[in-house]
Amino acid sequence: MRLGTVIGNIWATRKEEGLTGLKFLFVQLENPDGTAVDSPIIAADRVGAGLGDKVMITNGSAARFVMDDHDVPLDSVVIGIVDSIDVEKR
Amino acid sequence: MRLGTVIGNIWATRKEEGLTGLKFLFVQLENPDGTAVDSPIIAADRVGAGLGDKVMITNGSAARFVMDDHDVPLDSVVIGIVDSIDVEKR
Amino acid sequence: MRLGTVIGNIWATRKEEGLTGLKFLFVQLENPDGTAVDSPIIAADRVGAGLGDKVMITNGSAARFVMDDHDVPLDSVVIGIVDSIDVEKR
Amino acid sequence: MRLGTVIGNIWATRKEEGLTGLKFLFVQLENPDGTAVDSPIIAADRVGAGLGDKVMITNGSAARFVMDDHDVPLDSVVIGIVDSIDVEKR
Amino acid sequence: MRLGTVIGNIWATRKEEGLTGLKFLFVQLENPDGTAVDSPIIAADRVGAGLGDKVMITNGSAARFVMDDHDVPLDSVVIGIVDSIDVEKR
């Protein structure tokens, strides 16, 4: 999984079946110290994350398993809202 | 998922079973501000996206689930045509 | 999917079950304008692609679905031989 | 799989079903000589790894198979605690 | 798939179920000309590859299918020992 921050929203009315009603967020992946990693991605969210929230993201085909019907074309989801992080300086 | 813009088409008559009749598009992945990310990819499209459209792309094995028969060798699909984006400056 | 050109062959007599008889090709992924992207990969081919052919490649676990028996350790396949490409200058 | 070192913990109370009770660790992937590779990732752990432990990490959808119920949105897990490494200088 | 050379071994006594008895190798991925690509990875091996052998590697969830029981957390395996390579200069 990856750490990230919710930075925005994206809307698409015309979309594939099975995705209706899902909320899609722009998420900037980041290091534990908050510096950005790579380009922003789009993650589905069912946990209720909002702008500025620190979140945990699952990428790839495993993302489909947040849905009751697993047979959906999702490759990125918010799986949790981060309470706290504790990382050692290396 | 990733944001992208449809930049072209690609045709292949000789291809694997299960892909007949599918439309394949070149898509340039991009940041929310429209700057290009990585090299163009080829995504299957069933939503009806056209040249210049902003689209949402699902990559990896999850892409197969846009098809009624999931057992197809697809790793990238258009899942939606973008209506609007709202991203915070960071 | 990705665009690529077949640049060679690779042979392995001692290999995992389920892969016997499959042809393996070196493929250089590339941009629509033919410039190389990343390092050459090895893709299984059942479509009949040959040296110098432009091909479409599916990567990841979805590649397994070109086989009648899907339970094979393949992560890259040729899914089509390209007839033509039409990409907009950006 | 990848080699890594456990560098911290992350907690999320509000999260997707099926992940309750799982421990999540920050892991810095690294080369056999211990130099860091890429940005830290978050891996689920059921093996009992602790801060500073060298671990083996499985990424992608295969990570789900550490759980009795495979239908969980996990893309990275600790699969073992490393006893020893023996790598040739090249 | 990717070309690589076996450069070492890694041992982990404490590990996830289903992985007992498997041999794990460090593999340096490489170009057809033998130059290194990316950082060394860890691949499971059932083919009998040894130090210095050129091997073909399957990455991602497809790697699980070398096992009789597919439900294992493996994301990289040796699928063959390379006999010969024939690549065109470009």
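In this document, chain identifiers A, B, C, D and E correspond to the written order of the chains, with residue numbering beginning at 1 in each.
Just so it is clear, a contact is a pair of C-beta atoms (placed from the backbone, for glycine too) under 8 Å apart; a residue touches a chain by one contact, two chains touch by 3 or more.
Since the structure is predicted, the reported quantities are computational estimates derived from the model, not experimental observations.
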Other chains in touch with both chain A and chain D: none
Distance from chain C to chain B - Cα centre to Cα centre, in angstrom: 19
Intercentroid distance (Cα basis), chain D paired with chain B, Å: 31
Contacts with 2+ other chains: residues of chain A: 60-61, 63-64
Arrangement of touching chains [line / ring / star / complete / other]: ring
Ring walk, chain A to chain D and onward: A, D, E, C, B
Of chain B, residues touching chain A in the complex: 1-3, 29, 31-32, 37, 46-48, 56, 58-66, 70, 77, 79-88, 90
Residue ranges of chain E touching chain D (in the complex, touch as defined): 7-16, 18-19, 24, 26, 28, 36, 39-44, 51-52, 60-61, 63-64, 71-76
